[in-house]
Amino acid sequence: MFSLSSMLIPAIMFFGLGFLAQLVRSDLKFPPELTKSLSIYLLIGIGIHGGTEIAKVDATSAMGAILVALGLGFGLPVIAYALLCKIVRVDKLNAAAIAAHYGSVSAGTFLTAVAFLDAQKIVYESQPVIMLAIMESPAIIIGLVLANLARNNSGNGHQQRVSRELVHDAFTNGSVMLLLGSMLIGATAQPAALEKITPFFSTMFSGALSLFLLDMGMEASRRIGDFKKVGPSLLVFGIAMPLIGAAVGIVIGHNILGFGVGGITLLATLAASASYIAVPPAMRLAIPEASPALFLTLSLGVTFPFNVALGIPLYYSAAHWITQ
Amino acid sequence: MFSLSSMLIPAIMFFGLGFLAQLVRSDLKFPPELTKSLSIYLLIGIGIHGGTEIAKVDATSAMGAILVALGLGFGLPVIAYALLCKIVRVDKLNAAAIAAHYGSVSAGTFLTAVAFLDAQKIVYESQPVIMLAIMESPAIIIGLVLANLARNNSGNGHQQRVSRELVHDAFTNGSVMLLLGSMLIGATAQPAALEKITPFFSTMFSGALSLFLLDMGMEASRRIGDFKKVGPSLLVFGIAMPLIGAAVGIVIGHNILGFGVGGITLLATLAASASYIAVPPAMRLAIPEASPALFLTLSLGVTFPFNVALGIPLYYSAAHWITQ
Amino acid sequence: MFSLSSMLIPAIMFFGLGFLAQLVRSDLKFPPELTKSLSIYLLIGIGIHGGTEIAKVDATSAMGAILVALGLGFGLPVIAYALLCKIVRVDKLNAAAIAAHYGSVSAGTFLTAVAFLDAQKIVYESQPVIMLAIMESPAIIIGLVLANLARNNSGNGHQQRVSRELVHDAFTNGSVMLLLGSMLIGATAQPAALEKITPFFSTMFSGALSLFLLDMGMEASRRIGDFKKVGPSLLVFGIAMPLIGAAVGIVIGHNILGFGVGGITLLATLAASASYIAVPPAMRLAIPEASPALFLTLSLGVTFPFNVALGIPLYYSAAHWITQ
Amino acid sequence: MRAVKRIEIIIEEIELENVTDELHRIGVAGYTVVPRAWGYGTHGMRQDNNLGMGNVYLVIACDEKQSQQVIEAIRTILRRYGGICLVSDAQWVIHEG
Amino acid sequence: MRAVKRIEIIIEEIELENVTDELHRIGVAGYTVVPRAWGYGTHGMRQDNNLGMGNVYLVIACDEKQSQQVIEAIRTILRRYGGICLVSDAQWVIHEG
Amino acid sequence: MRAVKRIEIIIEEIELENVTDELHRIGVAGYTVVPRAWGYGTHGMRQDNNLGMGNVYLVIACDEKQSQQVIEAIRTILRRYGGICLVSDAQWVIHEG
């Protein structure tokens, strides 16, 4: 069912290499532009692929997946916020900012899960890709709402303007545009013309993902110095929250959406992952009182490597167990 | 002959996605280095491909194409200049700068036309690629000459030095070097060795082009705010001039060069397209009195999207009609 | 055995194109981030390929290659240093800095040699890739030792700290981490998963190399202005030293490691090549008294183009001759 | 040459639009932005990573009176998000006319 | 420390060579160029695009006398192409000797 | 506003860590680094290439006393590797409180 050798896939190994390079203080560095270019490429690639797959899905099950994605996007941050305020005892504004990260998703983690399944030749449903696109936005809005509640008002004039802009940004966000736009292109473009871009966006995809994860390994590892600022109870949260999210995802994937092992694993991964690209700047603008050292260390330094190294195989095992 | 579905090719759709993303003020942004890297890649790719094709063309017809390219490169700016001075009534220096843009060409527009033909499995001659390389330079020189005439002298010492440098630059221009150099490599390298770089420069080409056009869509759309500065009669020029150029290109392609539908469409596109990468900095240096807001908005914000969305299918229809 | 047509391979031709573009003062420029991205990509690609090959080599012969690499890495700089001090009569600190460059290696030169062999369908051993990874570091350390000897002491406090850091850097160097890490991944990853990244890191490799060498041609050519600062005897050294290194490499490859023509050519190329990416900044830090104009002009402006244009075919001919 | 105030501002990239909006509202003659700066301050190290959230470096030359308005506007932004603002004296080389 | 003039120039990238040629002609001891700046001025917004035509930021430390020459040379260039030049006072930390 | 010293340093990228280590040791409140600068000086042209070895531009705002310490520390580094350091006066816009 699950063996160590299932970890020996380039995506995960390159992540480990990056993590190690940074640990031994290597001077290895990616140009920031390469990281950004790779993430643009990966979002388009996943979008096109999702679009061609979705063309085959019937409207009812697509709609079900979208509703579930919205439910998770709005629901998970509320759970995270409650945990953070009541149990971890973080102040409300930091709690709101962190919660928003955990309601949103990490495309890098999702793609690692896809690579994991591919390496083991497990098939999976195509709905999770739409859910990836959908789940980017709601968490940002919930983060805003929670922060405004915490401030006990809807904010002053400046806050309101920022809020309005952020709701706009949540939906016109670069990642969201790329994912949804490419999905549309994948679903509607002439098949013959689409085939011409397949070598670039599909055949090369896994290699480009490995390169991206190499850099993400370095980024995650770079956060280690901030661990002491975060404190033990928040560190526990950074591992407990993905487990809670994954559990919710597994139950919903199995009982509500009726996915197979592959689809359940992907949905669990979505629910377990925390955003570290789109949400941090949004929360920095929305809740300047919150500390980036906290939310970035948790999402990027704790939850992301946990999911890549341990979480994904674990969620897969659980998905395997529940479907038997 | 032409249907809406012929527009559903990724190259055009990604251009549209970029245009839209910018319209809704998405925060999507390409690193400038990615744009530059893609344009280097595309020029080399098109050059190599052209070189291998040209090796098959006989010298006479290649020479004919080169002469026509020179004729268009020197002739079109004069037509544009006359129109701008007499009918649109722009001052002479702005007219010279704008005219130079319309005499030169846009590789992005040319490649979109190629993708358009490919998607419909229309064959085309290989001479237009040489013409693309040739037509970069003459327009810059004509722009200079027109500006010097407008200034009613050959310029002061500084102007003369700038002119001398620009003539040098017109021929050692990065795009020209890349196109001609790769063409030479494509035409002369060992076939077996050339095959080893085919996956990179040829198989991946269409995908990379889509990525490039996504960014170009954003760039074009970014110009919309400047429309009011340009004024209605110049806006009309930005659509009329490509139509004039295309008509000239179609007649020459059909009657002089004897191309088929594909080659005529490509030549029309070359003649219709306006430069927005190589010529703007050259004209900024050569004619500092001219306003970049005018020439960039026209070439990048009006003519480029017009050609991509409407022009190319139109030129194709006309080429189809003339060859019947 | 060797003909001019063997030079007509894209890798070499693109190097020539870059060299020429810079000579005619074209405005062609690569974004620095593209150069860095390509070199990251190439190191990973060569590492993965080497790793899969090395999995097939028996431990004894791998160990032999590693020992020879260490021997060359420590030995060549000593030869270079002696020549520079005794014959060329450079001051000791400049001699130490230059010597370190010649003990280390140039991945670009190595890959050009691989492309050269591939184009002629010559097979080669897989050990040279490990040697490439190993030979990066020792030369830096020897450079440090020679400089400390030249300073007649182990340096003041600052110097000692710099030395300690440089020894660390020599082994955690980005190139070394990427090469060794990817080799490990290539050797141990699941074959099925590895196959998924093959299109990116292997099929596209030659094309990406051509792009990289285009820029390296420009970089090399850019050094021409500094030739006069270098002086004739150092220029001679820049050509004599690779010949000496190659001779050593050929003899060792043939007599000690028992390589065939391909492997001998590659080892000769390693021994003949001089670093121009990893070593220059290390020497700048370690020996601030030494002049970058000297060591960069020699390694990048003299030895690199010499090896690409003349050295590699020459070493190949010699390898051919010795194995007959 | 004309005596002007030289205002330099270092802020997070994401706040840049807030600042330039203010500058346009105040009506300064111009400003310059140098992107991709990073640094250290009361909020700790800001970006040596590749995931965005870096700083930008802004320079504005303006007359004394406008500089007061810029300083007031910038102060509220800095109070909220951090960053620094330095003001010094300079001579602006006049090239018109 | 030595009192010097600190000249900062913001111009379009394409004119940079014009300026550095002048600087070499005048014989300044050095200069520094920060590329990829963008900004707003009398010519409107200059580059928030990816197609080139951005600004560069140039800093030159030199003595009073050379600063006069630089200012004269730069003035003709600015008149033609736009851009700005600010001059201020600074102390140069001497490290030789 | 508080009167401060504005220290600007231009050095090779590879020495940057040496400098920031010193700045942290001295305990300055902050600093800003603008990467990818290039320039000309006593060591000739430094980088117009793509192989690394460029300069960085560093700005530090600090009080008079700390500025003395920074200058002393930087002087040894400049003596070894080259680069320049300029010191000028500025007003720091205070935003706290």
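Here the chain labels run A, B, C, D, E and F in written order, and each chain numbers its own residues starting at 1.
One rule holds in what follows: contacts are C-beta pairs under 8 Å (C-beta built on N, C-alpha and C of every residue); 3 or more make two chains touch, one makes a residue touch a chain.
None of these values were measured; they are calculated from a predicted model.
> By label order, what chains touch subunit D and subunit F together?
In this structure, the chains that contact subunit F and also subunit D are E.
> What chains, if any, are shared contacts of subunit B and subunit E?
Output, common partners of subunit B and subunit E: nil, no chain qualifies.
> Call it same or different for subunit B and subunit C: same when shared residue numbers make up over half of all numbers used at their interface.
Both copies, subunit B as well as subunit C, present different residues to each other, with under half of the numbers appearing on both sides.
> How many Å are there between the centre of subunit A and the centre of subunit C, using C-alpha atoms for each centre?
41
> Between subunit D and subunit E, what is the separation of their C-alpha centroids in Å?
19
> Listing for subunit B: what residues touch at least two other chains?
Answer for subunit B, listing residues that touch two or more other chains: 30-34, 36-37, 199, 204.
> At which residue positions does subunit E touch at least two other chains?
In subunit E, the residues touching two or more other chains are 34, 36, 88.
> Write out all the pairs of touching chains, ordered by chain label.
A-B, A-C, A-D, B-C, B-E, C-F, D-E, D-F, E-F
> Touching subunit B in the complex: which residues of subunit E?
12, 14-15, 36, 43-44, 48-53, 76, 80-82
> If you look only at subunit C, which of its residues touch subunit B in the complex?
It is residues 5, 8-11, 13-14, 17, 20-21, 24-34, 37, 115, 118-119, 121, 199, 203-208, 210-211, 214 of subunit C that touch subunit B.
> Where on subunit C is subunit F touching in the complex?
Interface residues on the subunit C side: 30-32, 34-36, 158, 215, 219, 222, 276-277, 280-281, 284-285, 288, 292-293, 300.
> Under the stated contact criterion, what part of subunit C meets subunit A in this complex?
Those in contact with subunit A are residues 31-33, 36-37, 40-41, 44, 168-169, 172-174, 177-178, 181-182, 185, 188-190, 192-194, 196-201, 204.
> Which of the residues in subunit E come into contact with subunit F in the complex?
For subunit E paired with subunit F, touching residues are 1, 4, 6, 20, 23-24, 29-36, 59, 61, 88-93, 95-96.
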